[in-house]
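Here subunit A shows up in two complexes: once beside subunit B, once beside subunit C.
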Partner chain A sequence: MPRATSWAFLSPWVLAFGLFGLYPFAFSLFASFTDYSPVRAEGARFVGLANYARALHDPAFWSALGNTAFFVVGTIPLTTALALALALAVQPAFRGRSLFRTGFFLPSVVSVVVLSLVFKGLYAPNGSLNGLLAALHLPTPAWLLDPDTALPAIMAMDVWSASGYYMVIFLAGLEAIPRDLYDAARLEGATARDQLVHITLPLLRPTLLFVLVVNTIRSLQIFAEVFVMTRGGPLHRTTTVVYYLYEQAFYRFDLGYASALAYLLFVLTLALAWLQMRAVGRPAEASA
Partner chain B sequence: MKRPARWVAAALAAVLSCAPARKPAEEIVFWQFWPAEVVTPLLEEFEREHPGVKVRMEQLTWQSGQEKIVAAVAAGTVPDLCEIGSTWMPRLLAGGRLADWSAGVADLKPALRGWELCTVGDAIYGVPWVLGTRALFFNKTLFARARLDSTRPPETWVDLQRAAAAIQRLGHGVHGCGVQAGERYVLSKKFLPFAWGNGGEILSEDLKHAVFDSPANREALEFYLGLRRVGMIAQQDALDREFKEGRLGLAISGAWLFRQIAKEAPALRYGVALVPRPANERGAHASWAGGEVLVSFNDAKRKQLALELARFLVRPENALALAGAAKSVQPATVGADTSAYYRAHPLEAVFVRQFETARFTPNHPVWGDMEAAIEDEVEQALYDRKSAARAVEDAQARLEELAGKK
Partner chain C sequence: MSGEAAAVELRATAPPAWGASLGRWLWLGPLLLTMLLPFVWMATISLAPRSGGSFARAAAGPWDLSSYRALFASAHLGRYLLNSAAVATAVVLLNVATAATVGYVLGRRRVPGEKLWTLGIVATLMLPKQVLMVPLYLVMARLHLLDTYAALVLPFAVDAFSIFLVRQYVLGLPIELEEAARVDGASDWAIFRAVVLPLMKPVLAVVAIQSFLTNWNSFLFPLIFVDSDRLRTLPVGLALLSQTEHSVDWSFLMAGSTVASLPVLAVFLLFQRHILSGLLAGAEK
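And then the complex of A and B:
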């Protein structure tokens, strides 16, 4: 196929990506070195690295970063383990298997905003969750209103809603493992546990890496849940980096500073992904 | 056709297309937040009054409208007329991109309230359209159950405290008074009425210094914190829900509850009163007030037509048409409570009367940050991280620092 034809076919994507991906990306990089504010009549001034320096001395940013880190560290292992367990549970053929698969996957096709509204109701002081706890004579925390439980409550929702999606990815990974490896192992007398540790997990490594990287990127950008459920409160304990930079951009119109925060998060995300690839991403053969 | 003939034809076509009869309608772009079925009839009326003018209305959502306006201002693709909520006005006023309407609206000044929202010094950058405030909702059934006189809502802080305590004692999931938990843009609207009512202030009159640390404000915060013992702490939507379900005796809330109660709890027996004042003969029934302002931008193409449309929309009957349908706001018109509509809706009329003693927040460029600082400190006191005195003191320090910012 001639080059021109290939480009013609690619052009819708390239155009959209350039317009809605590359251009804002480059523009916000530029903005991060200025004091750009859309509501001010005089234009943006170049301020060098001032926005970045300000971020490093901004306690609110560090606290948002801490909350985000807590979120990532708290949810990723749980989500990954739960997704893998679910995938292993619904992989073998049994009656009603697709019902379970669909059921677990369902939360990830529902809008985050809808989920958040539902959970906000569940977590309400007189909500269903506390109704259940009260019936069992257990303590009934204020959940989203209590500075100590608000972020964990949002994290629990995230684990619940994200696991199904990563389960599907793990399922795809499991299906790709050749059956004959298991047959051979059984002939040799390997137990189910041996098969899991020596065949399934090593061969699932690329899938695991994908799940970790994608989920980390997503978790670092957690926003909609916070926006709907707590608006960053109570006592800023649920203010994540993206929520904080959103406030800077759209409540305080400080787009320069917000862009700098976005780039700091971008660099951090990149570094984490690189670390994960280094740690998990060795080829499967090497460990086999 | 020969060449000259073609020229003649072209010239003729050009002349014809410029003829006045064929003049295309002048289009004015108007961005606003209210449902189309409420606003469109008003705009059609305006078009009838102005033949040849066409209004292109775009309805923004409360969720993302603000972002859209910011983006449009940044890109220079502003509408001719735009509705702006009072929360966003200080920043826009400081930005210098709003069209100066001082001359165009001067004659309207005595007829409307809320000019504070769009005034800097002597210059006026908009016109107040509808206003909103907070008032005290009380549940008459719970009043009766707690042996309180449901025809006499609390007048003073002591009344409020006592009524809430009596209702709180009913137990079984019933609470006396709603206390606002930390929630951005909401908490300040619940606490500041008590501060203002007690004679407290936030900034000096020239907006250059913070005057938040005062005995009046400390006392107000102490009182507000005391309500926790006779009430429940929750966010706005949860408090509203409790009130609608008849489990909350008293709540300071907004006029949006009228619509919600009519729809979700039509049997609820309730009343509305002014926010209580510190004591009889002392202080004021203060409340927080905000509103929706109509503005145009320096970059707008049809500023004069925008002004005409704004003047049309703030006419008493037109502002009332919107307020009566929306219920969450009231007209900025002075004396609106004597209109037939508010005589027929006495509970809603309380909100119009509340404007008389309500306060607008200062138009300092970084008012948003100041509000956040106040909410932060009050929230820390609500969660017992600080004493009331300490919270007021710390807020003072933060406000003083912010007051110097541009």
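And then the complex of A and C:
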């Protein structure tokens, strides 16, 4: 293939990567060192590291970071455990297996806006969830309207909607484990529990790592749920980092500061992904 | 791993008798119900216009389609639906076309700096798009594209994940047919159209389905790139509607949510196998 044709074939990516990837990435790094705001008459001034210093002393930013951390720490172990349990349960053949696989995955294809609207209705103080709880003589909190329960309510929805997605990824990992390992173990008299602990879980390590990294990166970006269900309230208790970033950029038009926040989020995302790879990693040795 | 991945759904094993499956149904059944009940709630409320969001009242009936009629009669929602359909169609078509050509040259390693370009694609895959929300907004402002259809289409017309899927697929395609066509004197474009494209059909189907699901449900960028009501897509329109109305008409909102969900649910149920294989190809990276 002559060079000209190759370049013609590649050109859409070159254009898109430049215009919507590298350029904004570089431009916002530049913007993060200025006080750029489109609503102010005078142009942007260079402010050095002032935006970054401001972030470090901004209690609202720290509170958003805290909420996001609470979200990540609270949901990821639950989602991972539930996804793994579901995958183990729907892997072997049984009647109606595909019904369960399909049903568990279903929330993953529906818009987060739709899911959030439905849960907003379910969580209403006199809504269906509280109706059910009252019938069971259980406490009926105000869920999204109560500062103490709002974030956990959004987290519960996230566990509900994300588990099926990661179940499918665990299923792929399970299917990749050679059958003859289990056959050999059974010949040696290994119980089902032995097989799970000594074959399945160790060999699932790369998949587990992938699920943890992908889910962490996704959870750090939680936005639509908050926008639809709580708008960051009550008392900013559901303001996540990305929601805070959105407020700074599109309500206050403080784009310089928002650019700095975006860079901090980017660095945090990379750091956490790297840490998890270190902690759960070593896939080569684990599967050798 | 792609062989095994495809086998997730395909592995043919005779299922055991219903009796032997009962144990699993006993504990998976309630879980499945929990997964599906919110959707049952959505559909039921949408059919009961005067329920005020109460499931008990809605379930008692009477049911009718008046919320759906109101939805399609409303100038706003009808417009949102058309916008979503138009934008999704444009993005899917552009995605398939660009992923085909870019994925092909990268898969055949026919371009200088192939490794570097692929690295750029993988890096883009790893980077959550939300991080670019402010920068992309600034770029769209500079290009004077804010509040246009182009803002909803162009930044999503070329997708790193789609390209990556095609590249991986092309790596596994035998090259002999292309070489034979070249010996016969076919031009590059003719080879691509007549030989390569037909072979790429399965992966392009996966790309089309994936990009439809992602784009139809897209929320953050359509929210910030567009200001005018007449350009809003369905998720943005629904989200804003739920907040601007003084008293929320739950039946109307749930009718809108149902309409927003039906296309993706239909695509999912029809093309489940393609969707899962695309997902698993992503897990391999």
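The rule we apply is simple: the second predicted complex is superposed on the first by the 271 of 288 C-alpha atoms of A that agree within 3 Å, B and C clash if a C-alpha of one lies under 4 Å from a C-alpha of the other, contacts with A are read in each partner's own complex, and residues count from 1 in each chain.
Here is the rule we use: a contact is a pair of C-beta atoms (placed from the backbone, for glycine too) under 8 Å apart; a residue touches a chain by one contact, two chains touch by 3 or more.
Because the structure is predicted, anything quoted here is derived from the model rather than measured.
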item	value
Which of subunit B and subunit C A:147 touches, first, second, both or neither	first
Touching partner for A:3 - first (subunit B), second (subunit C), both, neither	second
Which partner reaches more residues of subunit A (counting touched residues only), subunit B or subunit C	C
First (subunit B), second (subunit C), both or neither touched by A:52	neither
Touched partner set for A:128, first subunit B, second subunit C, both or neither	second
First (subunit B), second (subunit C), both or neither touched by A:182	neither
Subunit B versus subunit C as contact partner of A:233, first or second or both or neither	first
Touched partner set for A:253, first subunit B, second subunit C, both or neither	first
Which of subunit B and subunit C A:102 touches, first, second, both or neither	second
Touching partner for A:37 - first (subunit B), second (subunit C), both, neither	first
Subunit B/subunit C common contact set on subunit A	38, 120, 124, 126, 231, 250, 255
Subunit B to subunit A touching residues, read off their complex	66-67, 70-71, 73-74, 91-92, 94-97, 173, 181-184, 232-235, 237-238, 241-242, 247, 298, 366, 368-369, 376, 379-380, 383, 385
Complex contacts: residues of subunit A adjacent to subunit C	1-3, 5-10, 12-13, 15-17, 19-21, 23-25, 27-28, 31, 38, 86, 89-90, 93-107, 109-122, 124, 126-128, 131, 160, 164-165, 168-169, 171-173, 175-176, 207, 210, 217-218, 220-221, 223-224, 227-228, 231, 242, 245-246, 249-250, 255, 258-259, 262, 265-266, 269, 273
In the complex, subunit C residues that touch subunit A	1, 4-5, 7-9, 11, 13-18, 20-21, 24-25, 27-28, 31-32, 34-36, 38-39, 41-42, 45, 53-56, 97-98, 101-102, 104-106, 108, 110-112, 117, 120-121, 124, 126-128, 130-139, 141, 154-155, 157-158, 163, 188-189, 192, 213, 216-217, 219-220, 223-224, 234-236, 238-239, 242-243, 250, 253-254, 257, 260-261, 264-265, 267-269, 272, 275-276, 279-280, 283
Of all residues in subunit A, those that touch subunit B in their complex	37-42, 120, 124-126, 142, 144-145, 147, 231-236, 250-253, 255
